[in-house]
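Every chain is named by a letter (A, B, C and D) in the order it is written, and numbering of its residues begins at 1.
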Amino acid sequence: MNELEIGAAKRAREAYGLDDIAVVPSRRTRDPEDVSLEWSIDAFSFGMPVVAAPMDSVMSPATAIALGQLGGLGVLNLEGLWTRYEDADSVFADIAAVPEDEATSLLQRLYQEPIKPELITARLDEIRQAGVPVAGALSPQRTQEFSDVVISAGVDLFVIRGTTVSAEHVSSNREPLNLKEFIYQLDVPVIVGGAASYTAALHLMRTGAAGVLVGFGGGASSTTRLTLGIHAPMVTAISDVAAARRDYLDESGGRYVHVIADGGLGSSGNIVAALASGADAVMLGSTLARASEAPGAGWHWGPEAHHARLPRGNRVQVGVAGTLEEVLLGPAHHADGRTNLMGALRHSMATCGYTELKEFQKVDVVLTKR
Amino acid sequence: MNELEIGAAKRAREAYGLDDIAVVPSRRTRDPEDVSLEWSIDAFSFGMPVVAAPMDSVMSPATAIALGQLGGLGVLNLEGLWTRYEDADSVFADIAAVPEDEATSLLQRLYQEPIKPELITARLDEIRQAGVPVAGALSPQRTQEFSDVVISAGVDLFVIRGTTVSAEHVSSNREPLNLKEFIYQLDVPVIVGGAASYTAALHLMRTGAAGVLVGFGGGASSTTRLTLGIHAPMVTAISDVAAARRDYLDESGGRYVHVIADGGLGSSGNIVAALASGADAVMLGSTLARASEAPGAGWHWGPEAHHARLPRGNRVQVGVAGTLEEVLLGPAHHADGRTNLMGALRHSMATCGYTELKEFQKVDVVLTKR
Amino acid sequence: MNELEIGAAKRAREAYGLDDIAVVPSRRTRDPEDVSLEWSIDAFSFGMPVVAAPMDSVMSPATAIALGQLGGLGVLNLEGLWTRYEDADSVFADIAAVPEDEATSLLQRLYQEPIKPELITARLDEIRQAGVPVAGALSPQRTQEFSDVVISAGVDLFVIRGTTVSAEHVSSNREPLNLKEFIYQLDVPVIVGGAASYTAALHLMRTGAAGVLVGFGGGASSTTRLTLGIHAPMVTAISDVAAARRDYLDESGGRYVHVIADGGLGSSGNIVAALASGADAVMLGSTLARASEAPGAGWHWGPEAHHARLPRGNRVQVGVAGTLEEVLLGPAHHADGRTNLMGALRHSMATCGYTELKEFQKVDVVLTKR
Amino acid sequence: MNELEIGAAKRAREAYGLDDIAVVPSRRTRDPEDVSLEWSIDAFSFGMPVVAAPMDSVMSPATAIALGQLGGLGVLNLEGLWTRYEDADSVFADIAAVPEDEATSLLQRLYQEPIKPELITARLDEIRQAGVPVAGALSPQRTQEFSDVVISAGVDLFVIRGTTVSAEHVSSNREPLNLKEFIYQLDVPVIVGGAASYTAALHLMRTGAAGVLVGFGGGASSTTRLTLGIHAPMVTAISDVAAARRDYLDESGGRYVHVIADGGLGSSGNIVAALASGADAVMLGSTLARASEAPGAGWHWGPEAHHARLPRGNRVQVGVAGTLEEVLLGPAHHADGRTNLMGALRHSMATCGYTELKEFQKVDVVLTKR
């Protein structure tokens, strides 16, 4: 486990991030055209292993549709600006215009507007009309309050996403969400997280989740480590959760729970590293926020950025790299790992001799940063 | 012990700092409201595990009172500007105004003014009037000279703080302070340090100290490593001293000596890391110097900065992050780990499933910097 | 093998780059004049272990000749600008003039011009007239299409170079190049790569190659790691391939296949490190692009920079360090490791007590970057 | 030995530099006034363990005298500007005035002026008149040519200093200096180096040298690593040579050869680290070049900077930190480790509980840079 004594009374494990590793080709190469990026979860099949992060700067109803049409899974944040404001566009314009130093205060203020159940229904309807898979996300704190609205509105996949989500939340003031019961009663598959350890993930798998999000707050807009001292380098986290997937597969007699890397995937090279570490798919935030269609208009922020008393993230400028199609499928006109993400993944797999994502989890990797 | 041969005739131990580790949540989470930050030392209870560093840029009589009222422990430097100058305010204004290059010379000059016993009495009186715990600090070199004045003035806690304080100071010119005798004769509990190794701390514990300060000169304004080649990365130092605490608890038949991390705590994430490494409380310098009430007015320096022949620290600009209350209890309007330190600690503990500081010392940590 | 568990379900090997190591002199020193830099491959002998990278910014027919006359091996890119454009000079001028942000698009456009077989013949003829060894390079994808032209034009050495070349390319759409057959039927020695692992290299050696290029896309102009997540630190790669050379020498009953380090050789110190790691010779790109005669005119780019949909490299400014002779043989007027590369190698070998390149592969090295 | 496999066919040892370690105080502290910095070599005693680097920017006859009067050992470069030019001052002024880009060319030109034996005699005479120990340095290449002049002029200590000096130099063109014979025939003690490994140092000790210089070209003005790929991190080098000192002491039946750290000592903290690693004394270059009396006038360069064909160092700007006395003995008015070097050493030793340099070699150190 590479555990070290870091002091006479404490041990720690060495953990590795996506930039610490690289994949290494071996004796066989293949044609990129022979590579399949097909990914299936529950009854749904996708042309690429890409789930959008349910963040306001990334997903509007329109971009959720566009992503679905390109072969990925769009997920709308159901407690964000789209369900708080009828006219969300002007709110986005305000956020894009505010100076650096006042950004957090503005976000704190804008997110005090109450969530409107009828907007949840309307936004999900809009996506369904387009004929793509419908997915929405709530935080664990809001799931009980709004899940009924979401279920009646109808979703194909339900995402419960927080910085850290555990199967066992203990509270003295209120009855916490019982994940196991909740998922059991639900008709639709649930993706839940973040988690970052073997044990935490195993318990989430036992709740009946179809997928587990790996990572907590390691993304471009997050300051979780600086503020909370919490950090889980992605390679180690993904691999640990992949070990839980393997063990739960055995324990459950065959239930395969998908491992979805969520956070810190800033380049196509990072996506390659996440899949090579054992992920089945990736949840993309800043990477998709760089699409010209993204509602953030070149800016990106997460839900932890607008906490009223303890913001743990910033609005960051990510710029525009190209259209959503260019970002995901190319063509690329810059060699910076920000466009044609899937082309790069396909090329990397072919160079390493792999044609299937599941097989690629076994690719050789090296630790390169000293 | 992770000891390595660093050359054919020398071995060294790997040591880790606060930025090298992060805490990792596991399978259980809790509500931040269920977390207690209560900390007790000797007969005194505090609402937060925070002791102010007795540095002139941090503590005035007024900020000592304010910190006490917020639930922490203010400690006045009894050989600083407040006990050398009746009108300290104008001196602080001079320091804030001097150009970078002349700062050290000015500090060297200003601290040549003699310490006035009557000012020690007056400053401590002012704090006592406010009804908060009264604590003052002297260096080991000055303790013999001024302790009588301090004791008659009356303090609830006495702090002896130097870059490095040992239980066994050897001198050929003068009778050094016999810590064990001194503490034995004293009525009030004594906090003493810095120390950074198991052995040094164990010997300090045996003098009867109530608390040991861990660290020597690793703070924001210090250049101890550059000038003296001395450095003790905090995680390893805290954990080693925590091991001494455990062994001394056994040896003494139950005396629990508090381990207080002192130095290098620049963000709420660092505070989390220090407590996770085994500290019972933290002594904060630069972090509190960023409060709008702090006497340094955005500048920060330590006692080693004004040494007449060998200054080992600088006046550094730390800026203003908010009121003392905002710094400690929020609300935060920036996500930089500099405000709502206690809210962040509470949130981090809850996310990791802990409700008590003592238990949190067992939280899982990872080594993350390669 | 320094393999570590980087997560509960994944292991990785630590790999080291050229800047991670340094050579260490020992008890004997020698005169630089006593050092021989002679290098032979197949029937060809060279005065220095230097092969030019077949990149358009590095090699024109004229610089191939100049390098040959100085004692190295020039290699012309046979699918580059020189074989696509009759008047290549004006194309180079356009590339040098384009602004940063449009460089990739311009390269993508310029390289759409078809390759002209008659220009392959003409360019190789020009080199042969000068009486130096003639070498040309094709990518594995183009080798079948153009090898006949190249062979009839006549080359002394044939180079097959791609980012990653394997002995076993699998394709469902077209019959891939059968390297073993191809090399067997060819009259001239073949240098092939890049490869970066023991197994990949061993299989390339078994195809009958005279030399193997080590590395894939680690050069100054490459973004392989950022875009594809692929990276093979050179020291480990060279040493692994050197182990394959040793084992193949035994397996084949005496065939010595040369290991040529290709990529990331930015200074004379890096060249020393590559040879110390086990390389027989080095293939130089950016280093030679800095010669005043280089066609790139201070700019440098690789073949991966103009991929139509997935560029994986940039045009980078390398500047001009001196004439080709100054770059290779001095005199140097700057101490930056960019001129008098061979003088530096000679001096380094002498200082470490070696006079032959083959022996120098055994020199002591230290790992220095923590 | 911390040897790692860095590839399938190569092993390397991890080596550590002065900035990688720090000393750690333990249970005892002392008064700085009780610390002795006395250092003796052969029949000579010094008040501080400081030898000046024989570099033109550091040592003039005047600064050699000044250093001797302060208690250190001045060493004049006998093949530098002072022995090539009668009026050296104007040459130094030219060097200080030349723009960055032309500095190397100017140094190459200026050092082509022949060395004048009569100037060697005159410069050494000037030092002797002042009543301080007289020491001069030659490179191994020049030692045979000029040693007679030096000996007749008269020196108390003779220094043979090159980037790498071995006991066994092999040359096919000329009879190399036989160090053992040379030292045997000489009446004065010889300090020789640089060396950086156990074996190289042991062989130098067997030649009869009184001291060995450790390090080769790791100083502020050197680019040895960039140009030659040669580097020996100082902590490991010093400790290895200290092991040779210990073994040679036994082998020789009691000859104690001094280990003098030479290079990379940029701050008082670095000096502490060098002595803690096992050095008996330090040879200072850039650190003393910062004295206002230094001939370099704020600039610093080494002998490798003016090599006619392969310069391996630069003229670098080091600025002026204070008078030579302030640099060595204080008082300091900046906390940057550049003034009061000996005060800092004294203070560091006292804090760690040591009063003698020889004992301080045993101080506990930690590896701190990850």
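One rule holds in what follows: a residue touches a chain if its C-beta (ideal position, glycine included) is under 8 Å from a C-beta of that chain, and two chains touch if they have at least 3 such contacts.
All values reported here derive from a predicted model rather than from experimental measurement.
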Most distant chain from chain C by Cα centroid: B
Superposition rotation for chain B onto chain D, Cα-based, multiple of 5°: 90
Interface composition of copies chain C and chain D: same or different, split at half: different
Centre-of-Cα separation between chain C and chain A, whole angstrom: 40
Residues within chain A bordering two or more other chains: 14, 16, 20, 236, 367, 370
Every chain pair in contact, whichever chains are involved: A-B, A-C, B-D, C-D
In the complex with chain C, residue positions of chain D that touch it: 4-10, 12-17, 20, 104-105, 108, 163-174, 195-197, 199-200, 202-203, 216, 223, 225-233, 236, 304-305, 308-314, 367, 369-370
Interfacial residue positions of chain D with respect to chain B in the complex: 1-2, 14, 16, 20-31, 33-34, 198, 235-240, 242-244, 246, 267-273, 276-278, 330-337, 340, 343-344, 347-348, 351-353, 364-368, 370
